[in-house]
């Protein structure tokens, strides 16, 4: 074991200690008390939070992945740079602004929140779907075509497996951002765990605040991990090897 | 058999990438499409399996016009190998190789047998490679798999676009030799794109040398080297074309031509040369040698006489130039 | 629509001062983030184990929803009497900026063509000269791209920071919602979006300018 490894372990240890210290402190100060005092309410807020995220992100996946596939077909190629630029531009718009704009047009309520979250999730998925499909080497598609694969077979057997990791990464980014943005949905009457966070801030009630903020954080971090796991399982082994050897050759 | 009848390819209304090409590739013939980059050789190849459309004229495979055939079916019945990395990274070597049989709905047993046969043919152990992925293989191995994949459904015609172009020279020569041995066994009708005159001379039964979309000469390699049609052809094959043509003949050809007989009185201080050696190497050995002759020995080690520059020159005039 | 335009015209001064406040927060945060992230990113290229750890941590931090991070910081920073206001917002923005800045710096320095590095060594440059004359100039465009990502991200999170009293354009959205003034909400949303778009555009322009001609 060399000094560089030791430094890395020490830093890791310090960070873990900080996290554990935080939880130790929070528990000893009964910061999570609210969850145990009102478990029903907690489950309701968590349920609403998950509902907001899954409906909006689910619809966004169902829109963006097929759209990304469509745009990368030869007959739509010319519109691609336009869509990619719109996607880049659209992603600079802050999440709070998207929510505020949705409220401006749709008023307050669950529907406005879902629409805002849906729109906010579209672009990262679309962008990554297009980037993933574009990264498939042309000679690969050429070889497939030359061997007599139909366009649909080229898409499903060659292009989508090669683009899978990029598409899933886009979905992961979108869902994690969505979980955070859903915490703001309270502001436009969407409910969710944001209710406790904002109530806590307004009332200087740390217990309520932490009982909302920590679960949202854990949710985001765990979902991120979950999707990394899915990515590992869904991306074909050969593609992983290909990427590994590409990275080593850099 | 592949027939090209007045085939023309026009891009953007006026640029002729292929200009009125007519030629015939006979069954079992190995034809090289040779030329500098931009001459249209790849375009011509891709017109055969309809990856490029045909602007004018017809291409026929086994008498059938490719334009009238179902593209997908026709491609499945035509082997296609490209320069590099045409293997699909997400599929195992077996899945890669068996993709066309799979599309054709072969049963598992038949696919497995075919895979084993093909791997043996290209010199890879089927069980070692079955479950591996393209990126675990070296460039040479990948290209062997590429050749096996193209032959998977036993297509009568194979189209190869600089298949060995990405390999380093030593491996390339080895793979070329192996492929020639395979071709001797399977006798496919092959169209093979190359920009390398040495590769073309080494491998082709015939060479079609292209420039600006036109065929400059379509001939056997020796003819191309010895009797170039025009300045472009002689420039392309190089100033050392006569020397290059020597690689097409072996010492045995010379022995047969001059009817050299067994000779008992051996000269002891001279090096020996086997009758399998090509004349090009023989010349280089003579140049390397302090002595001005080499002893020709046959496969049994029997001396056949001595090889000198004079003899080679005589052979060149009589056999090659006079033929 | 005319309602909205009238509102903007009437409240122009307020909007402008909130914009300045917003820029101030984001600007200070980015400067601090660069001062931490760029040297750290460069240092990490010498220790890949530590690089892995730090990049992992930074990528976990960036997944934490901003409003939740503010929430977690309030009771912690309350212990030093800074639970809400400018300081927690600044800390959060600096933390969120670390991933794009460190990652891009690290990748950029690592991706400098080994041949160039060899050549620099070969003509007798010291490690420091190599860094300042060869590696950083070649890495600058990618580092700048990281700074741009961080800036755009920070403008968005800065708007959310208004809920913990850091000021800025988020105040318009916050007070607009609580007062039921939709023009105010809209003004906040529109101007914070414009700010992000303009910042993105300007930084992209700078990025293009500082890209050495040879590596465009």
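Residue numbering begins at 1 within each chain, and the chains themselves are lettered A, B and C in the order written.
Heads up, the rule we're going with is that a contact is a pair of C-beta atoms (placed from the backbone, for glycine too) under 8 Å apart; a residue touches a chain by one contact, two chains touch by 3 or more.
Worth saying up front: this structure is predicted, and the values here are computed from it rather than measured.
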item	value
Subunit C reached from subunit B - shortest hop count over touching chains	2
Chain closest to the assembly centre - both centres taken as Cα means	A
Result of counting contacting C-beta pairs for A-C and A-B, higher pair	A-C
From subunit B, the most remote chain by mean C-alpha position	C
Inter-centroid spacing, subunit C versus subunit B (mean Cα positions, whole Å)	59
Gap in Å, rounded to a whole number, between the CA centres of subunit B and subunit A	52
Whole-Å gap between the CA centroids of subunit A and subunit C	20
Residues of subunit C whose C-beta touches two or more other chains	none
Multi-partner residues of subunit B (each touching 2 or more other chains)	none
Multi-partner residues of subunit A (at least 2 other chains)	none
Of all residues in subunit B, those that touch subunit A in their complex	46, 49, 51, 71-78, 80, 82-92, 99-100, 103, 133-136, 149-150, 159
Subunit A - residues contacting subunit B, complex	137, 139-140, 142-150, 153, 157-158, 161-162, 236-239, 241-242, 244-245
Complex contacts: residues of subunit C adjacent to subunit A	46-50, 52-54, 57, 60, 63-72, 74-76, 78, 84, 111, 152, 155-157, 159-160, 163-164, 170, 173, 176-177, 182, 185-186, 188-190, 192-193, 196-197, 200
Residues of subunit A defined as touching subunit C within the complex	4-5, 7-8, 11-12, 15, 22, 26, 29, 31, 89, 92-98, 100-101, 103-104, 176, 179-181, 183-184, 187-188, 194, 197-198, 200-201, 206, 209-210, 212-214, 216-217, 220-221, 224, 250
